[in-house]
Amino acid sequence: MAENAKLTKSEQIVVKFAGDSGDGMQLIGNQLTALAALDGNDVNSLPDYPSEIRAPSGTIAGVSGFQMCLGDHKIYTAGDHPDVLVAFNPAAVKHSSKDVKPGGMIITNSDSFTEKALEKVGYEGNPLEDGTLKGYDVKAIPMFTLVREALADMDMPNAAKDRCKNFFTMGVLCWLFNKEQQLVLDFIDEKFGAKAKKPLAQVAEANTRAFKAGLNYGETTIMFQERFDLGAAQIEKGLYRNITGNDASALAIAAAGYKSGLQPFIGSYPITPATDLLHYASEFKDLGLVTMQMEDEIAGICTAVGAACAGNLAFTTTSGPGLALKTEAAGMALILEVPLVIVNVQRGGPCTGLPTKTEQSDLLQAMFGRNGDSYMPIIAALSPADCFDATYQGAKIALKYRTPVIVLTDGYIGQGSCPWKVPTMDELEDLTPYVNFWKPEDHPGETYQPYKRDPETLARDWAIPGTKGVQHRIGTLEKDALTGAVSHDPMNHQIMTETRKAKVDNLAAVLPEAEINGAESGKVLVISWGGTFGAVKGAVDRLIEEGKSVSGINLRWVWPFPPNLGDLISRFDKILVPELNMGQLSVLLRAKFLVDVQSLSKVQGDPFREYEVIDKVNEMLGE
Amino acid sequence: MAENAKLTKSEQIVVKFAGDSGDGMQLIGNQLTALAALDGNDVNSLPDYPSEIRAPSGTIAGVSGFQMCLGDHKIYTAGDHPDVLVAFNPAAVKHSSKDVKPGGMIITNSDSFTEKALEKVGYEGNPLEDGTLKGYDVKAIPMFTLVREALADMDMPNAAKDRCKNFFTMGVLCWLFNKEQQLVLDFIDEKFGAKAKKPLAQVAEANTRAFKAGLNYGETTIMFQERFDLGAAQIEKGLYRNITGNDASALAIAAAGYKSGLQPFIGSYPITPATDLLHYASEFKDLGLVTMQMEDEIAGICTAVGAACAGNLAFTTTSGPGLALKTEAAGMALILEVPLVIVNVQRGGPCTGLPTKTEQSDLLQAMFGRNGDSYMPIIAALSPADCFDATYQGAKIALKYRTPVIVLTDGYIGQGSCPWKVPTMDELEDLTPYVNFWKPEDHPGETYQPYKRDPETLARDWAIPGTKGVQHRIGTLEKDALTGAVSHDPMNHQIMTETRKAKVDNLAAVLPEAEINGAESGKVLVISWGGTFGAVKGAVDRLIEEGKSVSGINLRWVWPFPPNLGDLISRFDKILVPELNMGQLSVLLRAKFLVDVQSLSKVQGDPFREYEVIDKVNEMLGE
Amino acid sequence: MADTQLNKKDFASDAEVKWCPGCGDFAIMNAVRSGMVAAGKPRDEVAIVSGIGCSSRFPYYMETYGFHTIHGRAAAVASGVKVANPKLDVWVVSGDGDSTAIGGNHFIHAIRRNINLNYVMINNKIYGLTKGQYSPTSEMGQYSKTSPYGVIDYPMIPLVAAMGVGATFIARGLDSIMKLSTEICERGAKHHGFSMMEIYANCVIYNDGAHKALSSKEEGPNNRIIVRHGEKMIFGTEDQFCLVQDGFGIKKATVADVAEGDILVHDEKDADMATVLAGMRPDADLPLALGIIYADDSKKTYDDMVYEQIDCVKSKLGRTMDQLLQEGHTWNV
Amino acid sequence: MADTQLNKKDFASDAEVKWCPGCGDFAIMNAVRSGMVAAGKPRDEVAIVSGIGCSSRFPYYMETYGFHTIHGRAAAVASGVKVANPKLDVWVVSGDGDSTAIGGNHFIHAIRRNINLNYVMINNKIYGLTKGQYSPTSEMGQYSKTSPYGVIDYPMIPLVAAMGVGATFIARGLDSIMKLSTEICERGAKHHGFSMMEIYANCVIYNDGAHKALSSKEEGPNNRIIVRHGEKMIFGTEDQFCLVQDGFGIKKATVADVAEGDILVHDEKDADMATVLAGMRPDADLPLALGIIYADDSKKTYDDMVYEQIDCVKSKLGRTMDQLLQEGHTWNV
């Protein structure tokens, strides 16, 4: 029968999983991501889970979601509206069905539509039967029944069997999306089979059977009239791995340590959504990465500053409220002029706000949230995979300029995942040239002056404790521009303040120019930064395809701005900045370029959808 | 002989005292201030002391200064170059003589010009004799000799006698500036005489004699060819008192408590230059002001938030690095929407920076130094006396809008002093209308909703613990726009974020319009804020006198801007913003009005001088 | 409802309790409600302040005034609430991380000041809300998300730390011994001064079984002792063990082996003994002490002293606001 | 200069010392220099970290590496320095305010972790640099700029607090007993673990005479006891007083009145006794304990454990960076 189902060539498919938080939506999502990626598709995903540890099961508040977009071309967002929704219970149906594309498919576990479950979410009747879901292509599958049947002869409690419904679903999807089943079988084997860390033979067997049952179900029932067939994406050749932004940052920290020859050091305190970074990095002890989980955020950054002073490559990781606590100590790194990378995974604010939701509202805090005039470079990661590069670049600039650097990511890219082309250590830029500790033997006849500077980078001459014969004292009071001794001299303070600013400003000259997507001039320029990159890129691509006079720019370094930005901006009639905040980059752009930037603000704990950007641009184009 | 000295009518005289830190420069400065003020002059002063507790005596680093301007009209700054420098030792001469007006007078204690003292500051010869001070009118007075002589029959150690040189000097000055001697005698009596807290008869006697000796010295020697005679200033009638900004803020806190009917509460932690505020306020226990000196700044603001939650009128006081630590908790007050006034006495930054020097570099921190989108009103005091009004207004707005408010002062106005017209409690605005706690008896039949708002101010309905029957729970997670219950609803977050912003934005409409000093349009508009008011006002007045097309505006509320500001700005060709920072208000003005504001930056721990502003304006005028 | 008739249920708000099924916090919530009943204040004169953490969701579930503040600062906020409005019955509920990690400073200083707060520290030896990192109370070697190879920090013993800064009341409970937790909360509620109540809780998700050695039916009684003022310190499944003094410390003995008079009798007013008791740990072959270990009502509270001082200065100086404004050197123009 | 020949003067930098004449910090600086000599490290392998305060100006005056950081955070910064570069001899110098007020949290956690730092807390019971506000160690009733009617906070006793979080070395000195301070710094320098050295100092400007009862020739010896391991605890101008055990506590007695065997002998390895000794206060008719009160080298330091764990994981897993990057589920395109 399978052969009867039409195999439709698709360019991209948007799939969403929804179910109870405890039900492993993220897991199944990641499995499909891997499956698609292994098959050569590009993938972008967006998890969405409640802020409670365990919101009551079966309730709307307890629904976890995981949306993803698979494509035969570069995919920049998790897509707007799902083509396929896999909703494991009535709550998930109620929660997510309204987002599905008209006519889209809803796959659900009809066994979970018990009267009690329906009642819990306020369904009067059964939506699978009473027309509630009219207009959708509903596939109601009795998953528990089918799985229990497939595992009938296995000695397992029913609850354990029911848990295999996820692999059953994978089977259905594998068939539906025309994927290679061997990949999933390998995966089960790796995870539970003999080679696994904790082999669980029975689980492996059960999941294998459930998976195959799913495959067969797709093939042999007449439920599916259509299959999707995605071609492979034109992505760069190489070794790939699916990775979250937080994991990518963690790896970059280890890698930057390795490539600089310095011991990498993280001083931190757990905070959602930055904790995963610390979790993963804590596993790298064998690579000599020191992680100190401190008593609070202030101690986190202070140990990192201490480690930097002692010559380690120092990092501190946090999210908004934690960054707020680190401000005074960030100023310490700034005035001591030691390298320090602050990775801030933004979340919904203000205050505790929406810890599990994404937002980009720490930009102005990163810019200005310190006493005194205190500028620092800010780099923003644009995707989960890009967190590696952004963190690595942050470390490089911190070392080269002896400055704290802020790396901004956000809950969406920090916790979301996408395929990442794994670099080899050989390919990564060598960071040792930027370390150049001052040692007397390299400067015969010279006296060490802690605040003597490289004329180009303005990085100060840096000697670390343990270096023979150049013991010296520095501190957080204003310092003499050469000796670093405490100075209350008025003109010295003016010079030092200007120098600290110049150091960051000058960085602009050596940063890569902003690249433009589209024509170099036109009606509307859309500027993205950080996590808005994907939606803006997708939207601008589509608008260009439609022949609209629209271009896009992404800001990687948010401060300082790339040198050509002003020029590019001046060539467009209108400038649009979509941001997951109340217009923070807009403030910086307006102040710098005196241009009437329009801000598209969204603070709903959710990234932009392409259509939101497209609609706004069309409005600006007067269409 | 005194009668031989010419009595010159002066409009204003700039006097500077300089001497060892331990030598009481601030004290003598304040005495002359009081003396002049009592005599009807207007006075403005500027202390300037080293950051060490006790910098080594006799060194340049240890010199304390106190500059003041006395005038027969409203005086806005401590003046540019001193007409008269009183320098008590060689270090002080070396430190301060270069600032003196060409031909100006330098009064000094020639007894202190010992070989050792000269050597200590690197004078090769004696500057009083070797022509170093050519071009100045040097009055070298053997003060120790004269004072010891005057006190010859008193049983005191010489060191104690020498200390009376300050009142000797007061005598000389009293004569020189043609002041009423009785005022000083009363002062000595009040301070040391029978009515004093700790009467010290001998000290009173010695100082009285030294003072008279000084008076006589002026009258009977031929040293002075000229005396200055200042008329009384045209200042408002009333009871006056000399006051520092910090003391004025402390009084405003007590007064606002009284006029609102709430218990005033300060949660704080000492930090220079904000400590005096806490010192003075700690004395007000009899007026029911509760001060809690907490273990750190975070605890300081957190107890204040707690006190606010419990229905007190809550304040926290600090300076830059302390504000940096309070950011997360400031966000708590913001999202809880409780009134809280944060008084921040700015100092030189970044980090520990220049604790004893003034700067205005916390503006952007005050604006943006919090995670998430979190706007607060910011008011800036423009003079020591104005700290009273600014703090009082801050409290009013905090209460009325249920919002944290930041009051910015700085080291200069916080520690500097000027005459203050003491208001009576009756004159002060009644704050009780803004308290209106929600009580069931006032709202029969209504259910209390913590986040229901006043449609005009957007202030939420506020019930405090202890109120019968309306117990409820609120927190720092995003809250439902009506009930205040935790809400993760995307659109609710959008609404709440916009509402919090609107609350602050709307305030603009009810704030006083910005008043313009000079013509309503023209070539250059100079915008001052906070402590730059004086220099800008003085400079603009002078430029207008000279017929230049220049006007001035002072921003009292720095955020939001007064409603007419944009319009006023648009009527000038060029805009100048002098700031004691790297251009922070400029960033806000540029972003808001897209106007190419020019920034006159000074970060030298010192306020602007009028001439600096005048020179810059002339440059902009092309002159 | 007349105030006197309040019972536990009256303190339950109608918000849905969102802890994981099986979480130890449920039992503690029950105990605290009993404490509030015991305190005898009407619900609208009770305020609960919490920080951030699973445990800190507490206020939402209580029909009183409640403030769910920021991480680690509950003690400071509550100090403000209490001093600002001393007639309120102020409770703090906070996790081990909230109290001893980020909140460590406010915690020790609130104890030092002896502010009249009822402080419930729910100790599950893990950061629950952020999904399982070790905390300052986690055990050496404990595995967690941030200690995949084992914790290398020595654990803090909150009650010993509390004694170290002058606590006037310390008690320890266990989620699974409901009666004792209730007793502790009732006594704590009535103690005039800072009542430090540590209650061990099981985090079923991230640190399940952390207190098993204490709570298990078989071994628990051998690993813990419930101390009661005036009673001999005897414990064990068959009351076979007892505590005896050993220099300035305490050691475990077998009842059969010691003279009856040598068995220690608990004196809840003995601060030195309390410090030693609070520090006993099964891994040093001593039972963990549960119950009211120290209770001394004789020290004045900070909040009382604030108002005593105000009254005293009022009666001495008693200036009016106008007098204050006009103090010092004034002149008329 | 050969490392072995270093003497105290070698540790003096050429910066002008800017404390007030008569400030107690001078003497302490001297003692610390002796400690550094004793530690035997060359000057370029010594780092001193301080916070903010008069006392925190310390590093500038020492010919070593020095970091004058921010208020209250010295312990955290120093922890980073030590863990990042364990071969350094790392000292912290911090005031009572810096350590116990704003820095309280880092202070207790550094002690808890037993990081191998030499921590000198200069306790003048006042905030000197900010010109005279009371600190957490100020006495009840003390007048200061922020307590014009007297302090109403109970004082913290830093050494007791330190014991409360598991200190492995505590000692107390007095600026005016130079020999003792030197002895303390020398022992502290050599202690493997966190060496908590509290030295009382006189702030001549803002709290002059705060320690007079201890330092005065006449009364001092009656108000203090210098404890020495293995020696009987006898004190007083004429050695007329002694200490005897009293339950879990200690009481003062007259030598003449007690049996010799009842006089307590100091045991620097007895943590319980140390806690009681550290808490003795003249206002409770007990002498203030000076000297090395507790010293136990048996607990591993945090910094040692960091590298032990790294070595252990290295030998177990020992991945290369490329292996790490490529771990998990990978595929080739």
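Things to note:
When the chains are written out, they are named A, B, C and D in that same order, and each has its own residue count from 1.
The criterion applied here is as follows: a residue touches a chain if its C-beta (ideal position, glycine included) is under 8 Å from a C-beta of that chain, and two chains touch if they have at least 3 such contacts.
Just so you know, these numbers come straight off a predicted model, no measurement behind them.
When the interfaces A-D and A-C are ranked by C-beta pairs in contact, the top one is A-D. When every chain is reduced to the mean of its CA atoms, the largest separation from subunit D belongs to A. The distance from the centre of subunit B to the centre of subunit C, each centre being the mean of the chain's C-alpha atoms, comes to 45 Å. Each chain gets one centre point, the mean of its Cα atoms, and the points for subunit B and subunit D are 40 Å apart. Among all residues of subunit B, those that touch two or more other chains are 285, 295-296, 298, 321, 328, 331-332, 351-352, 475-477. Along subunit C, residues 52, 70, 102, 104-105, 109, 136, 149, 306, 309, 313 each make contact with two or more other chains.
Within the complex formed with subunit B, the subunit C residues making contact are 13, 15, 43-47, 49, 52, 59-60, 62-70, 73, 76-85, 87-88, 105-106, 109, 306, 309-310, 313-314, 316-322, 324-326, 328-333. Only residues 50-51, 61, 298, 320-321, 323-325, 327-328, 331-332, 334-335, 348-357, 359, 361-362, 364-365, 367-374, 475-478, 488, 490-491, 493-494, 497-498, 500-501, 581-582, 584, 586-588, 590-592, 594-596, 602-606 of subunit A touch subunit B when the two sit together in their complex. Listing the residues of subunit C that touch subunit D in their complex gives 102, 104-105, 108-109, 112-114, 136, 149-150, 152-157, 160-166, 245, 247-249, 270-273, 275-276, 299, 302, 305-306, 309, 312-313. Residues 52-56, 269-272, 275, 278-279, 282-283, 285, 291, 293, 295-297, 321, 351-352 of subunit A touch subunit C in their complex.
Interface residues of subunit C facing subunit A in the complex, by the touch rule stated above, are 16, 18-21, 52, 54, 70-72, 100-102, 104, 127-131, 133-134, 136, 145-149, 205.
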